[in-house]
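Labels run A, B, C and D following the written order; every chain starts at residue 1.
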């Protein structure tokens, strides 16, 4: 029997647990040249801000051992332009559309949440963890109080489920997770990138113009898995796990740790088909292990 | 539309000091590549990012690239053997717009290869094509016979004078334009950034349309991740915006590029 | 002219800037079968505790993309046994001996500091960042107050320079660094390992018996470099940089970021000669760049 | 004393389903390896940790190992070609102490290879050697001719009965010891942990000295990092301590091992 990959997450049905991570998949147009986006469980779109943003000066990417650093800095056309030109395109596909939002102030977050939930995206992903912008972003995500107030503000206006995206650059991620849960978050996603740096020793300069950037890719997977496991034990709301997932095995580790959905980011740069291969690998694993659905492995880590 | 294909390596040769030519077989990519486009090559499991390399030439289903060994990726690529398979994404980006009738190609170093394809396509379309090619040293000189056969004439310079004129290729460009302002109606240029910005400057002074092929560190290579940006003047010329070198470029009109933001 | 590799650090002369990291090099005996330990700038010995410790149950190591997780948990013979049997062996070599200490209480730290500085080790490395033990260790290193009180207690009794080893598992490493500096630390070393996890999906169990472990190796290098750079900007005392250094290029990046000494850990597992190759690579770089000494590159990162 | 050497691969063969034999050339390692010791092999740049593999046999300067393809490291190793060079650290660990006069070797699956060297060395020393070898299936059976030539007799079992006795190698051991308590004065065993703890139990019941070769995930492989520990009874037998499988083992007296802490 074919295992059932469907997942209920924050009250929404996802046809399969594989989503693509915000900022790595644009608004889906480019990857739609490679496969039918309807094969994905969902798409977290490029991080949006209230006004259009240019982002940081180049170079914006550096390679590290099994990782990359990026310092894009939330380049995006702004939430209105997204709703006008990008959302209709995404709506052509039978997949969940999750809008990722970053604000400079709590008010900006709630303004965006209003516009986007009116525009009927399926879910909001509240980014309080972008390491690449000075105002907002990370500052909200490293402090339980401000994490809570952003969450409350977004929840107050949103008509769709609200997922808060957590930063790994903290002493105690559970503290932030609990603050968001208490503030009414419907779900959590983690992890965003870990702040890192590389130096070009020939030039004596940072590789990134922005000096530091966010580390993603397989290098961070063990850290992401640990945090997903910790947070899943701490909270009752569902968790979307991400950070360095590059194959089905990684995704399955995330499920054992308690994640209900997973998200694939950097892996797409190497292989545009990575999300589909991961979906297939999950299905094969469940078949081979005679499991009817993800319920049979989710959170089932044995730790005696 | 780009393809991801596992392509058989047909041959790999060292053609100059540290410079390699690699030919692979892929009818999908060969069938749809335009001059100035590039491919994004996976250089082994150990490296997370693909490496962008311009297409230099096509022959039926065969695609030729020429690259300089710089770091771990290009060094891996140079060690490929005939019959091995490499994972290639392409063709990517927007190529040169061959919208002139007398083209002058200005190439520097490892920027020379993509101009060969432009030369061939333009001359097949019956255009007049000439080339100015600059290299650091005689032992880095590549593709002279190929350019000679595709162009009316080719002039070469080396920085140390070991072959051709002593000096920069931009010196050749200035002499040519000063000798005859009508020598061309379009410049296509590829090479190191310092050279390109100089070419752009010269072209502007001579009111000559000019397209330059830029380089930037890349992630996805297909336009989705926004890491490969370069500064571009907003239409109108006032503001600034970031364009994606991989998808909006790598070829840009030299006038739109903001040179200290690339 | 041969560049000068000597470094003054916390008032001590080091013949070269390459040390080996605590816990990865034991007490030097095993590696002394491969090369003369006098070629090293210094040796940070395996973490010591007041009483002998058994450490955590096996398995204690897992491989991750360009990293490893360990959960040794400070297995060691105790500080007295170290002084009796291991220190005399290490003293046979012409290299700096740095004793790495972990306590369950502030008193334990100061007791150990007394014993070891009486035994005339060259320097103390106060480990407030071990992620693998429940009491002590990391708990001290994630809070500026307790970091400060441990530092003060050790400084009060130590006759040799005191270096405090910082944890990367914190929101703001500079805050802890400054607290240690204010408390009188002579130097700082960073980073210790990042808490991570792996799961064996065939068994549905964590790979490590201890569930989580500390991530080290090239995967963490960009994070280590970023933290070294941040801390070097924040404090005046000298910094020993470590975390994923596997070649001379990494070491040189650390110097540009401001480190005076570097330490090589996990890299030795793959290549026992890694520290010597790194030392030689540094020398070659300085020669090629016509630099007389490390002073010419240290902290000289251009970031306009 | 261990060496780190770049060693030429002499041959790689698949000798049974998923099992490979690899011979490399290294006079330093071959000249100093004892039965039961292992080598620690770097399996490509992409993997940070070396892989421990027991030495199976020596021939002049040649070292033979036999391994099962399990994950990425052993799979890399199985793809080596004659003439390539691999980075090997060894010999490592303490081997078997051949301090009996009638040895019974009890091997299971991929635990069989290191016993071959013990068989050869013991029989060269004029000892009597016999072997009980267990495999999962006939298609996993390895080294029978080699053991036959080094031992007086060899008995084989397979779990599915496809070759030799149907059942576990521990069943063979029980029958042999029950038939003749004096069949040996020392048991040497290597195999999966469940089998080893069973062998240890049987040996204890028959008051027979027994050495077992354990496996543990390793870091340095030379005794410095303390990640490879297994639980060992403290001398006296009361307390517990952790020994390093890489340096204090991999061979331990079966009585000292604490089986639920390994």
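Of note:
Everything that follows uses one rule, which is that a residue touches a chain if its C-beta (ideal position, glycine included) is under 8 Å from a C-beta of that chain, and two chains touch if they have at least 3 such contacts.
Computed from a predicted model, the values in this text were never measured in an experiment.
More contacting C-beta pairs link the chains of C-D than the other of the two pairs B-D and C-D.
With centres defined as mean CA coordinates, chain C is found 34 Å away from chain A.
With centres taken as mean Cα positions, chain D sits 57 Å from chain B. A separation of 36 Å divides the Cα centre of chain C from that of chain D. For this pair, chain A with chain D, the centres built from the Cα atoms lie 47 Å apart. Multi-chain contact residues of chain C (touching two or more other chains): 62, 66-67, 217-218. Among the residues of chain B, none is in touch with two or more other chains.
Taken pairwise by the contact criterion, the protein chains form one closed cycle in which every chain touches exactly two others. Taken together, the chains touch in the following pairs: A-B, A-C, B-D, C-D. Residues 62, 64-67, 69, 142, 169-172, 194-199, 201, 203-206, 211-212, 215, 217-223, 225-226, 229, 244, 246, 249, 252-253, 256-257, 285, 297, 300-303 of chain C are the ones touching chain A in the complex. By the touch criterion given at the top, residues 23-26, 29-31, 33-34, 46, 54-55, 57-63, 66-68, 70, 72, 75, 207, 217-218, 266, 268-273 of chain C touch chain D in their complex.
Contact residues of chain D toward chain B in the complex are 45-46. Contacts from chain B toward chain A in the complex involve residues 1-2, 4, 42, 47-50, 89, 216-231, 240-242, 247, 261-262.
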